[in-house]
């Protein structure tokens, strides 16, 4: 929907990717766009992710604003060379002469019983790269507003769309062209006892957990990170200063995840606010399993609740 | 040298990469091997990193032990698809039926006035990947012992060789086939006041800084992480329990770096040992600059000393 | 301008859609028992495939990629290979895998979301299913390099789809295989579509066989609905490879009669008419006609065969459905030979949380 | 077997090593002023190149990739392009860049380790130097796609080395360009070596031009030491592309007379004999002979030209060496249009540490 709005209002916006045309994308995110805007502005590419990223760079450097789709985040890897070595640095390298106003959209995370490699959440690989913005929406409304912002941003934005969100119940979103701010976390629930930071699909479990916790008298503040890089440290630190406790929820494997950065920021700039050790509730440091076990891998409401209860019981 | 020993003792070991044959590698790490072991066991590959990783997987799955060289870490990206989607998980995927006893060697980091893309330190991208070990030596002796261990390990090891080390003064290393342990950090200097964790080339600056600090009465414990993933948390936490202060030194960009994971571990499992906020001394969250400014990017002795002095002055 | 070098791409067909021989049949096709063996395998693959689709539709299997229409290509490849060769498939080569001894239970386990399905009890050295398009071609090249270094008379075979030929990894594999004269055969299964993208939108190359020319290796087209042609071309290529003659690319022209996977709806992007036309050329019918003309097949035998297939399949399905759910430990098993301490702790944590949260 | 399709690769030469015309010269080569212009540019590129190598040897420049021997290819490409076309070079195309208006100062800045060298004052839309091999070919394809979508009569040109043709990205670029009939020309600069790896070890393909066949696009070989042939072939390809005829691959056969870069020692892996043989075919001499035979050149003019080149170069070098060191802010400038807050803090921290630690 955000695609349509912006293509209508900005002739420089084009859409490329595998099966984005007649098929409208495997999650139907680009449905109807080719009919509306033609086969040049909405182009199926050959099956080649390095090519998708590379031609997006070439187009962007010559004045277009490509929205490029990677079919699943597990197929992002062939595109990383182009993204890291060029997309993230063309502006820097040429001192602002050539730029990359590109949005790379890709489904993120699991929980929909998809085949192997279709459930990855490897935002770390993108967040560590200087020159990229990494954004992940947690609801249809946020997807609309943040995607608009991403398309309008003059720099490359990696836009990670939670697969569980495509499947979740529909939410009415007004198609009003109103963008949400990038580089800003959103406080979804105010609370006094503990700060929980999460993003993307995990916001659902986190909100559910905070509701359960509220029933037992624990008042959690829930922060939707939204822009995963750069991190809005101020919002997080302000919250921790208030609550004194921090739990981070991430679907990705734990080791060197975005959650580690959040914990590090708190341990650097909010250490004396912390009344209890930080806790991370994350995917395990193992391969995202095939779907029979995926629910055991993805942090559950129970695991979040347990972690928060644990932190409330600290210090021992 | 470790190559030669192991090729001599294990006929399954083969070496592949760009210019590893007649040229002996751009840093001469494989010099003389082709003459000694022939052009089949020491093979120049076509110029294609995805191919290097992919054929290493094919060879390993069929019983060989490839040591594959990526010419510089900045050229690793085309190989990531093979490394992440296959090398790290073939054992897991096939329930142990097919395995990847592979060492991927690559020069790491800057400081030698090399051209663009030749000075990258993006260990984060590998450390986040379940199923990989990531190792970086900090001296020629450690390079010998850790490389032997990596070759002998039944799983894939990413072996990051600091470019500054190739250029540093020679150290006599006995060619005795003795490996060092993986998954273990090394305490290079014992100290009581502050724990400094570093790895690879940054160990040089860190040791220099700790010497300077000693002169002014600050007794730093220096830990060489050595295996960057999985992290030897015990050694770090034990040290922090003793010193109460933690400074992490990393050449890579700060955001979601390995240093963040170390900080997170301390904030989870060593929070009440911390007398002062953790500090990270890191590369900036910007592109590794061309060589005129690379020394401004790489953490300097001065920056490390300043950070340690700062942490000693905390809490404010 | 002076001509430096010339190339041609040839096309092989041995069995036309009516079941008539074209040109001189290879020896195996003149052996009716061998033809029967292939026909039975093709029929079993089709029956199994239909069952798998059905299981998915009824919620008993995850997303599944049907091989409907690909049976001649799959069995032709399988029949040309030796047991000691290794196979690096994509995700659709059920026919070849069954031929090589991957069990139905294993196939169902995999698509049912269980890694144990990749622990093939039959072809122990074969590569597992491969979802990241084109990556498997490099594994085959690497395996072939291992065989070459160890001087073993074995070959590797990789399959790849028409869409897959757009990925850089595919060309890298062709090129390194050519440069080092590796004993590997690349079978391009051109079924006309890569999800919603037809071959003509995938490349300006009029054949996919000509992609071999870029690597300086031989390439040819075969009728992929003709099990004789596929087997003959693959056998010749394998022979050549085994003899040190290097790699070959074989493009098998077939058609994806099914949706891309059970998650796809092909009617969104292609006409029923096109599918109908393709169905007329499908591989089983012509093989059956050939056998009937040779007096080796009739409706009774067909019925018997189908019943036999159904029994085999039903037994495998029952076996599969009875397979116990893996424990959370399975997530950590085989991650490393020696699981690092921090991950051992996670294994314990996972056990603690197993079965919470309603699952 | 039926032949489905046939291909041939042709070779173009217009100026033999003795400076004699081969076949019918194109119009530009019949215009002595135009030939002189190209000869001067080739000479300037060579003189500049020698100076740059020298600056590196004396510690006044970083690692540098010499273009010695590539001058005809570089100038042929440059002369065939229009100003409004865009160029996506590798790291060696100094000749083409000078022709297109990149200044010597910019070139020296870049190799001196300063990003400002990429802010070309001349060809503002050209892509910067590209070190990650083969990636630039996709940028050219993307640029061409932008031109096509906007219906601008512009073309993109990418160069790539012989070694670069082994990278998957190269084939992806050829293929997408072919599939969408993009106005782009791929110039493969086959100089015989990729660092220490000779072309024969890089691929089994006997020509690199034939790699075009994989993408269904035309490919041809030209004598890359013959500036007439390079320009003629490139002009024809660009004409075709501009007219909607799609991409072409032009393989220019030349030789890297220098080490790979100043960090390399080619004597480790190739014979002096081979280099001597190649030197006999180098591009400047034959162009000079052609001009001499046409009565347009002599030793005096040559001396004058060299002196003029030296003056131009010396001025640029002086200018470069006087360029002030960038401040630490340069690390952060242009990272983003809007620098995020946390990185603004780092910029301040970097200023604080600037000049500490002896630098």
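Miscellaneous remarks
Letters A, B, C and D name the chains as they come in the text, with residue numbers starting at 1 for each one.
Just so it is clear, a residue touches a chain if its C-beta (ideal position, glycine included) is under 8 Å from a C-beta of that chain, and two chains touch if they have at least 3 such contacts.
For clarity, every value in this text was computed on a predicted model and none was experimentally measured.
The chains that touch both chain A and chain C are B, D. Our note on geometry: chain B versus chain C, Cα centroid distance of 40 Å, whole angstroms. In this assembly, the C-alpha centroid of chain C lies 43 Å from the C-alpha centroid of chain D. Mean C-alpha positions place chain A and chain B at a centre distance of 29 Å.
Contacts with at least two other chains are made by residues 115, 132, 166-169, 172, 175-176, 179, 201-203, 335, 342-343 of chain C. Listed for chain B are residues 46, 48, 50-51, 74, 77-78, 81, 85, 92-93, 116-117, 130-131, 230-231, 255, 284-287, each touching two or more other chains.
Interchain contacts join each chain to each other chain, per the touch definition above. Remark: chain A residues 50, 74, 77-78, 80-81, 84-85, 88-89, 92-93, 116-117, 122, 124-125, 127-131, 229-231, 252-253, 255-261, 263-264, 266-269, 271-272, 274, 276-280, 284-287, 315 touch chain B in the complex. The touching residues of chain A, when paired with chain D in their complex, are 14, 40-41, 43, 45-46, 48, 50-51, 53-64, 78, 81-82, 85-86, 90-99, 130-131, 133, 153-155, 183, 230-231, 233-234. Interface residues of chain C facing chain D in the complex, by the touch rule stated above, are 1-13, 166-172, 175-176, 178-179, 181, 201-207, 209-217, 220-221, 246. Every residue of chain A that touches chain C in the complex is listed here, in rising order: 18-19, 21-24, 26, 44, 46-51, 74-75, 77-78, 113-118, 254-255, 284-287, 289-297, 300-303, 306. Of all residues in chain D, those touching chain A in their complex are 86, 88, 115-116, 118-120, 124-125, 127-128, 132, 135, 137-150, 156, 168-169, 172-173, 175-176, 179-180, 333-338, 340-343.
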